[in-house]
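Each of the two complexes below includes chain A, the first together with chain B, the second together with chain C.
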Partner chain A sequence: MTQVTTATVAQPDAAQKTNIIDTDVHERAEPHALVPYLEPMWRKYITDFGWQPDRVLPYTQYAAGGLDRLDAKLPDGRPGGSDYEVLRKQLLDEYDIDYAILTGWLDASGLHPGWPEFKTALMSAYNDWQIHEWLDRDERLLGSIHVNAHEPHSAAREIDRVGAHPRMVQVILYIKDKPFGEPYYHPIYEAAVRNNLSIGFHHSENAPTALGFHRYFIEWHTLVSQVFMSQVVSLIFNGVLDKYPELHIFMIEGGFTYVPHLISRSDQQYRQLRSEVPWVKRLPGDIIREHFRFATQPTEEMSLERFLQLVDWCDSDELFCFSTDYPHWDFDSPWESLPQGIPNDLQRKLFSENAKNAYPKMPALRTGTA
Partner chain B sequence: MTQVTTATVAQPDAAQKTNIIDTDVHERAEPHALVPYLEPMWRKYITDFGWQPDRVLPYTQYAAGGLDRLDAKLPDGRPGGSDYEVLRKQLLDEYDIDYAILTGWLDASGLHPGWPEFKTALMSAYNDWQIHEWLDRDERLLGSIHVNAHEPHSAAREIDRVGAHPRMVQVILYIKDKPFGEPYYHPIYEAAVRNNLSIGFHHSENAPTALGFHRYFIEWHTLVSQVFMSQVVSLIFNGVLDKYPELHIFMIEGGFTYVPHLISRSDQQYRQLRSEVPWVKRLPGDIIREHFRFATQPTEEMSLERFLQLVDWCDSDELFCFSTDYPHWDFDSPWESLPQGIPNDLQRKLFSENAKNAYPKMPALRTGTA
Partner chain C sequence: MKQVVCRSSELDAGQQIRTQLGPIPVVVIRSWKGTLHALAAKCLHQGGPLDEGKIYEHHATTKDAGEYVLDPGREVLKCPWHGYEYDIQTGCTVFDPSRAIQTFDAYEEGDDIVVRMKLPSPK
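Right after this comes the complex of A and B.
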């Protein structure tokens, strides 16, 4: 009864002909690295009092290198994504990446809302650190503005402060336990639109499942897609896409096999229950196809036939965008994670065009194919 | 871009040739109806002090008849499912149902754990009421043993008390906010196996989503599948099916379009992370195919081609079991809810054989085809 699947390996030659936008790459800042960029009054809370981000996940990631690919950890003990040169070698050069969208790690939106002024200052330091330590060093790197979503007006000010940087392409919101479609958060979307930015939602270690934190990591990690479904539903039914019709939203690090179910279920519920949300003018599936994109990692092994069925079920080949999640343990290689034999047109959309079309500030691809 | 779907109507003639086991039919007891069956010491809490089940859902169901089909509500104001004669006429006779599995409404497992002795007594009263008012009146009605899952040893005693009734076929557990695979709950599964019963998990109004109770009912109702995914994952990775290899488990009122994603995702995670749960000996998909069944309601409109793809994706045509959810507002008619043109063999499995094969105590079907 077991479905036989094998790791399908596309030839590097074929992949290298394709432009690649990697929509999920984690550069990593330990709090100490941000101290030079932090307003002086806040520095002592890291240097003297040892602030660390709160983390409610009761498990470790028990792969060989913990959260990271073992080979991405640095000899001095620093975690993967801490060093530009290593990231350049292992990712940008290795796979001939056109653009890598940096998605960070230390994001206040995925932390407890407490101590908001410190978190807001920390996110400003993070953005300046990201620009100076990463964006300024390689034109292939594109940035995500980190904000404290729990303070939407402060978040909007931070978006306005750094949003004009030519290679800041999105605002990233790590998911904790709040549905971000609520009107309370709309100043963030308004600021994103004002600055020509997309929004990226990213999983975090503080995001629960429908039944909280189960006994085992494997349970939690299997159910990661739930908070993405919840955010899509929250954004749609609270009218965010009706209010901000220019906005594009990326769902990052939740995989994509849940999308057909999400479209089918939300369309059915809309047909039956839409009187409650008269501001939503279209089927959720139509809103998803126009406004949402889903980063592919972590991919699940499947045959080409099933992958194409899955795309077909969504009634759009523009929803999925390739991502590696470098440097994490379940990194997806551009050459190995998706089935071999994807038709060229779809391959091009998956690896670059879909992302390019949903990031207003995306620079031109090197070979000019899209 | 919108997928064009139409309500597909199978001809009554074709459907009537098929045996039908309806795996989700709600008989309804208001607390007052249970008083005659309740141990005397507890009666005053209903008659004098007005106990009502706790309910945390902040919305109403805003269909024409509220929770119920408008035509299933009784002239005297009682809710749908309160009267046997109406249920017989509107469901059993109307659709020539072979067997209807009663799944109740007032289930302590979906309530707050507080006041456990009262809840345990109430569930005993419920079961006696169910036997006397329903099972004794029509051989087509099969019962679900109601228990207070929060007190597993008391629940097991109740299962032993009424489990020998020839038409009690399952233990039903309404879902609140606990993952029921935890060892704490295993006495319930042991008692079910001991009594030749299956387990049914049923949604409840107290079941949350990954991000709690969103602003609108349509959001909550769209995300109902999450707690079912969570329970399947909890049961599998906590080894319930390795420990009780005879057990069959029904997931009721969560639909079925989430199942391909659930299988694909959990298989992938098992391949990568199974060292954490060495007691789980097989791919989750294999465990699902052997042990789990999914009641079809609420169905989502889809073409026959997509329905068959979805079945194919599960690598089994034995997972889905037809259900109406009578008398609720989103009732699925046997003649109208699934696509027209399903091949006969699959149609037979969906409408009767799959359920029959997963309920050890299921009586013979009338026409002897399965």
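Right after this comes the complex of A and C.
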């Protein structure tokens, strides 16, 4: 039996002294918190009629704290990510984070498309709430613009409304069951480019697997990466990156170990089937390496050798960006989620430089800590 | 090395408390049937604070899909982060008994609960 004493567990290495950009941090608003930020005509649907976001996932998150780390839930029963002071203590200060990119919780793009007018108004309220309650409180926090992707022109107007905020760095689209590369959604990408913003795609509890919702949560959670593969493929073969060559795309909360397969497979299909999509002008792998970044969480246990092979197989050490997914139960520790002993150059890229280079509005990193 | 943790009356069945044994953070548990157990309080996976985890009954291995059976008397401590489960008696992870956290002796001494490094097994 391997019995590990705490005293001999590897302590955090250079990651502790490296700049850290955390590319996935969840602040959370219950619908009632958004009421003051909603246009008056919409408020009664929350205060009186009890609107709640739809959730089609037929299981609970099978963890001690449900969706959250048990120690991130608040004593008064509110979910993790509801309180700035707790987030500051447990994440920003605990791990000396340079910047944390807020990715939210309530996002209309991951909900059913019905009632688009309300959803669009709700996203405006969410963005104003995020700015006032979070971004205004700590310069280490960077924001994501939430939109209702099911109404792309309304989404573009919202991006134009708040896109100039200096610490809004991306537009975020939660994934449900629509491939977002289709031309219908392109006004969103055009608005992102117009406002110097990246696009983040984030998993949601309403995202199915390739076969819908299996019988058990463990099946669904094992297959999280499937919808990310679908979105990358959709964006590439619908020509989004050829049409918007300045665009940077982040895939968030899908992990990263699927990326080598995706590059290899899509390149091979392009060699065989390119004439079906003649507007795609390069090998998909080249497009991925130039335009896509993948947030690391949720990581899987692996050796350093296996991790370095995986990076090598991508033919790029610039694709992966560290993320914690705080405060959720599968939070990845900056100190212990990736193998110990990663070479310093690669470590700097993983923990900060790759994200810095793919968010056009990312502020300067602190100096003197590397 | 031994350490007084708390008064015996301060730890009810199904509860746990954190203490420090030299440099080692330790979680002391009183099981639902009243026995005391002590384990290193840092998860093997990513260092999650096991003293903030939760004690559950162990789900026994079953034969068929859809069959759920609790394992009477066997309790596990579930990490508050990723949910790794440790047998509170042995410190072994339930998915791989070859992976375990350090365990300590925990017992009552007078009105106190005490933990200490495990004594070598008699040969």
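Criterion: the second predicted complex is superposed on the first by the 354 of 370 C-alpha atoms of A that agree within 3 Å, B and C clash if a C-alpha of one lies under 4 Å from a C-alpha of the other, contacts with A are read in each partner's own complex, and residues count from 1 in each chain.
Going forward, a contact is a pair of C-beta atoms (placed from the backbone, for glycine too) under 8 Å apart; a residue touches a chain by one contact, two chains touch by 3 or more.
Quantities reported herein were computed from a predicted structural model and do not represent experimental measurements.
K.L.:
State whether A:114 touches chain B only (first), chain C only (second), both chains, or neither.
P.N.:
Once the two structures are laid over each other on A, A:114 reaches no partner at all.
K.L.:
For A:71, is the partner it touches chain B (first), chain C (second), both, or none of the two (neither)?
P.N.:
Second partner only.
K.L.:
Given the touch rule stated above, what does A:179 touch, chain B (first), chain C (second), both, or neither?
P.N.:
first
K.L.:
For A:301, using the defined touch cut-off, is the partner it touches chain B, chain C, both, or neither? Pick first, second, both or neither.
P.N.:
Touch partners of A:301: chain B and chain C.
K.L.:
So, A:278: does it touch chain B (first), chain C (second), both, or neither?
P.N.:
After superposing on A, A:278 lies clear of both chain B and chain C.
K.L.:
Go through the superposed model and pick first if A:330 touches only chain B, second if only chain C, both, or neither.
P.N.:
It touches chain B and chain C both.
K.L.:
If you stack the two complexes on chain A, which partner ends up touching A:62: first (chain B), second (chain C), both, or neither?
P.N.:
Both partners, chain B and chain C.
K.L.:
Using the superposition described at the top, list the residues of chain A that contact chain B and also contact chain C.
P.N.:
Overlap of chain B and chain C footprints on chain A: residues 1-3, 62-63, 301, 330.
K.L.:
For the complex, give me every residue of chain A touching chain C.
P.N.:
My answer: residues 1-7, 9, 62-65, 69-71, 301, 329-333, 335-337.
K.L.:
For the complex, give me every residue of chain C touching chain A.
P.N.:
22-25, 40-42, 44-49, 52-54, 78-83, 91-92, 97-102
K.L.:
Under the definition above, what is the set of chain B residues touching chain A in their complex?
P.N.:
1-3, 62-63, 177-179, 181-182, 207-212, 214-219, 221-223, 225-227, 229-231, 233-234, 237-238, 255, 257-258, 260-261, 264-277, 283, 285-286, 289-290, 298, 300-302, 306, 309, 313, 315-316, 330
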